[in-house]
């Protein structure tokens, strides 16, 4: 049976539930979704500093699932439910199961349905980190990044309408001025507005949560696992000290 | 219901059957596979010249399915079952359903399980066209292309063992000399040897047929369609003359 | 004697005549121009779909000339008179004579007279395919592509004045906003307006027809032929079926 | 007075001392070096997994210094004494003082004395992460990365001679086969062998510790500080939970 | 003792004095600055033509210093005090001492304090040459170039206020429209306005003179010298004729 | 009448004659070739240092021709007969006539007849400067540079046979190991061996002299002139001092 862990690396239980809900809505019958978040870390991820802390929470959560999996039910694949692909490279070192971030997944789907597209993300502070990801994934010539000028958590609660509107205006500018033919939602917390935005804009709107979950589900069905022959090899055994002692790599 | 057309753009019925078999083996229950090839065109695709003719056969086949789909059962998505991604851009102009080539799909899966990988293709004449695809898909910094020095059709019939051996040697060189951590099979006709090669090499071996079919299946489930807002817009209405008269774009 | 075939890959006899006229106007005494178009195919080329069909018509026309050449007069070189460089790579596989597309030729001349330049093309649907060509030819850092928002065939007949005006406005924007120092005409059908536009803009205006014809004429005089050592090797012998049977590669 | 914090992000006190010693050896009179390592984290940094944990230790250490600095003596600049530039982007968000990693610093110095150069790093698992850094810093066309095939900690203790020899052989291969004209030491722990290797190879050998310390010293003298106008803005205020509660960004 | 030659490659004694003043202001006690300009050449450097002549004056000046150094005091390093990095590659062939241009130095410092930045240069004619430098130094993805629309020499004398204002407006546009987080002064003659502009803009303003001098000072302290193993090898011995006879490379 | 100045920027009269001979051999009837070299400068051009001096000699020669042309016969276009494209950008500022270097011209012709090719140059010291040119001209993905290990002047006189042999071996290695499909001769002094090498290697061999002369001849016939709207604008008027006084830009 396919069992996908969708890990929201921030502490927002609301995000985790929203993301889990979306994941369950789109998987095939028989695919189980385990949605969870770390036991420690930042309330949201907005820029490099938050990312550094969230990565550790993500890895700690994965270690628990890997160990647990041996007795309970093995995880077939992991989705890191953050658009910054926080900790994805490190996570790939930790398990043979495939690991996917939202940005990588969304860019792949976008490139299938559009020759040019745009990421719309909440805050300006994320633009440059996302541009680095776009470059790393080889999409610089077809993807621009714009910020809507709202906080990540604004997509929940009383500011949600205002946040949606700001996002839509930013997306419309991408279509009008950047030649974008599709929109990529640059934050996991926007997963529930993809359908509405797609209907209103009339172009494909790609949600990274959906894209990553379906990709990992597909890879699980194909039996594809992370190569241990290079950069994603298991971390060499060594000691870790202090509050990280328990996270030391073991044989 | 999800109904995927897997079109082998060359005339080899053996290829078509092999590819169809593999596609059916990996889709979810409830996904129908329509495997077919054009009514006219080259026996195999080896380089730019064959590609040009195969593209037209592919498009003709798709037009039939699009029209037929209106009465019979609509196609949810298309896989162009050739590793040269022959005609994929043109095909995306012809339908709202998502269209996927093997090279693009395989590169996406390879990048998830490995930081560096290699395409192994049958003939040297395909190396440069594939390098152009690798560049187009933004993977030049992590992917090399090697030729095994055999003909495409050698993977069928009495030369199959020899062809497999040449392929394996070439793949081993990629692992030893190019730093590859995974191998991408650079021809649709190799789809049935992925498992054996993966077992023998001990690194992930990605088959483009499987990768593309699962991606298109996933996109169908998500309802993602090709954007008509830019380069993949429907072709402007005009007349076509002579033997192509019937293929003119219509409103 | 130098004998250049200028093949307009679409079915517009008006285009073919216009292009042939321009070619004859600029070659040296003693260079013969054979201007022709395929016997079948699209009325004009606007995007990926038309390109796929036009490529086959081009190749069919070239095969006729290659065969005929053996008895009549050998072709020294080919110009594919379309700015999308439709089928050029495939055409290079079909003959030892040098083959040139308009885009490649025009970009080379533009880079000699300007450090930055712009392609102005009729329709938006061509922007992305042309950007791919610009990237393939290594000119991305110095060339932008803009669309004038008119149809290709508008440059003939009663809309010609309006089309010219739209083109000129678009070119002026490139000079003012993109830092362009020269303009490249992004369509074969504009070949007769280069002089007027150059006079009115005061910067070099490069016409691909003229550029490609002169390059092929030069290569013929130097005796340079297409290398058969790699990607442009003659297509491997095989059967083609159906309406393409006669186009199968032969030894 | 210039006061530079050189933070070794791993737990090896030997590394910290070695790095501190080298830093003190090369700074101007009047520049104070504070060499320290985190209170928790991995014994060494070998690949993505270790990096994730080491980044947090680094940031925690910096927060202490920033707070302390207000009362004691303000830090003029930070050197992250790890060649993977672990956590450097996050660190730049945390302070106005300039922050420098070893890889970025060493590549800059190498490009001044050589048109092509090579990084020699201990383990193969670091090659791909370093290639990403080389690409991020824009040096891909002039820098290759090779692994010597030894562990990072081998450069201390009884294996040091063997490690040195492996490194030297690897460096010689870079000179002979890759066209390298200078060698960059790809690990902080090699800081004390630069002079010997330079003398034996006869080409410049760049040590990242020295390069980064001198750069940060120079920036301190010039009064250059990290821009807070974009990606390195202070992290938005929010809560952090669990063992990371104390590291939450504050106003 | 560290002895840095700061060579202004144009004939403006005012520039030379200004640049020398700034250099002396920022070096450590014990570092000697020799500021000078060639005995022949252009009054200022504005574009490719001036550069060609200024390079020769620079090299002639350096030859004098190298020879003189043998008897008097050896030069530890050279700064070419022109933002076009005029003749820097040739200069590196002429001496073992490290040689630094303003553009390279300024871009390195900018990348430490900002993830995106802009060069503001006096005249439009310099934009493209500077873009080539930005590309050569690998910073194209994070740096734009804008011209203020004033002459280089306007920064001296009665037009200095107007020139400053034009520069400031151009810099503000970079911050507002290009996402720049820091400003690089694109001309040696602006060295004395960096502090004022930084104070008024509130973001880091990098002066190439200061950056290059500090880098060369640092390299001198580290004993790093130009590699003679490749592109910067001493020029092969040969004769030079005419007015250049005395500049022939000698053994 | 078309009148092309072919300027060998070094002082070797033998080179100048050889280059002039080849130019006259390939131009159309009615095209006049003026072959000359500067009155001062290096005996040959091998690396950055020689280039700097040769550029000035080239520009001085061009100024003479431009002035003389006003009374005698105007120059239609210039060929800088050096494979390093020494001074070409500066030369384009000096005249409205088109200016062409050998490297740019040869790369354009190579890309027409081959998808991958190699430059073979005499000395290792030229490899890196040529790689910069290859990058500037956008051909990095299809062109490698190798050195034959001989001096430039060895192609004249008693060492010519040995030099030819070294060149041929180097070219064969490019075909066998780099996937090159054509060879570009990386020095003007090889212009007379292109035919022999092409016959012996069986692949296209491109000589930059021939390529540049034919390109400039073509541009003259088309009336294309250098844009004065940007980087190639006439140099701003100013004074030059000392031995360069006479070369100051005038209105």
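Each chain gets a letter, A, B, C, D, E and F, in the order it is written, and its residues are counted from 1.
One rule holds for everything that comes next: a residue touches a chain if its C-beta (ideal position, glycine included) is under 8 Å from a C-beta of that chain, and two chains touch if they have at least 3 such contacts.
Here the structure is a predicted model, which means the values were calculated and not measured.
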>> What's the minimum number of touch steps needed to get from subunit A to subunit E?
In response: 1
>> Could you classify the subunit B-subunit C contact as same or different, where same means more than half of all interface residue numbers appear on both copies?
In response: same
> Where the centre means the average of the CA atoms, what chain is farthest from subunit E?
Replying inline: B
> Equivalent interface to A-B, which of E-F, A-E or C-F, with over half of contact pairs matching by residue number?
Replying inline: C-F
> Counting in whole Å, what is the centre-to-centre distance of subunit A and subunit D, each centre being its mean C-alpha position?
Replying inline: 29
> Between subunit A and subunit F, what is the separation of their C-alpha centroids in Å?
Replying inline: 53
>> If I count partner chains per residue in subunit E, which residues reach a count of at least 2?
In response: 89, 115-116, 127-128, 135, 140-141, 179, 230-232
> How is the touch graph of the chains shaped: line, ring, star, complete or other?
Replying inline: other
>> Following the definition at the start, I'd like every touching pair of chains, please.
In response: A-B, A-C, A-D, A-E, B-C, B-D, B-F, C-E, C-F, D-E, D-F, E-F
> Inside the complex, what are the residues of subunit A that reach subunit E?
Replying inline: 127-128, 131, 135, 140
>> Touching residues of subunit A toward subunit B in the complex: what are they?
In response: 26, 28, 89, 98-100, 104, 108-109, 111-116, 137-141, 175, 179, 181-182, 202-204, 206, 210-211, 214-215, 217-219, 221-222, 224-227, 229-232
> What does subunit F use to touch subunit E in their complex?
Replying inline: 11, 38-44, 46-53, 55-57, 59, 87, 89-90, 92-94, 123-125, 127-129, 132, 135-136, 151, 230-233, 235-236, 238-245, 247-249
>> If we count contacts the way the header does, which residues on subunit A are in touch with subunit C in the complex?
In response: 115-116, 141, 179
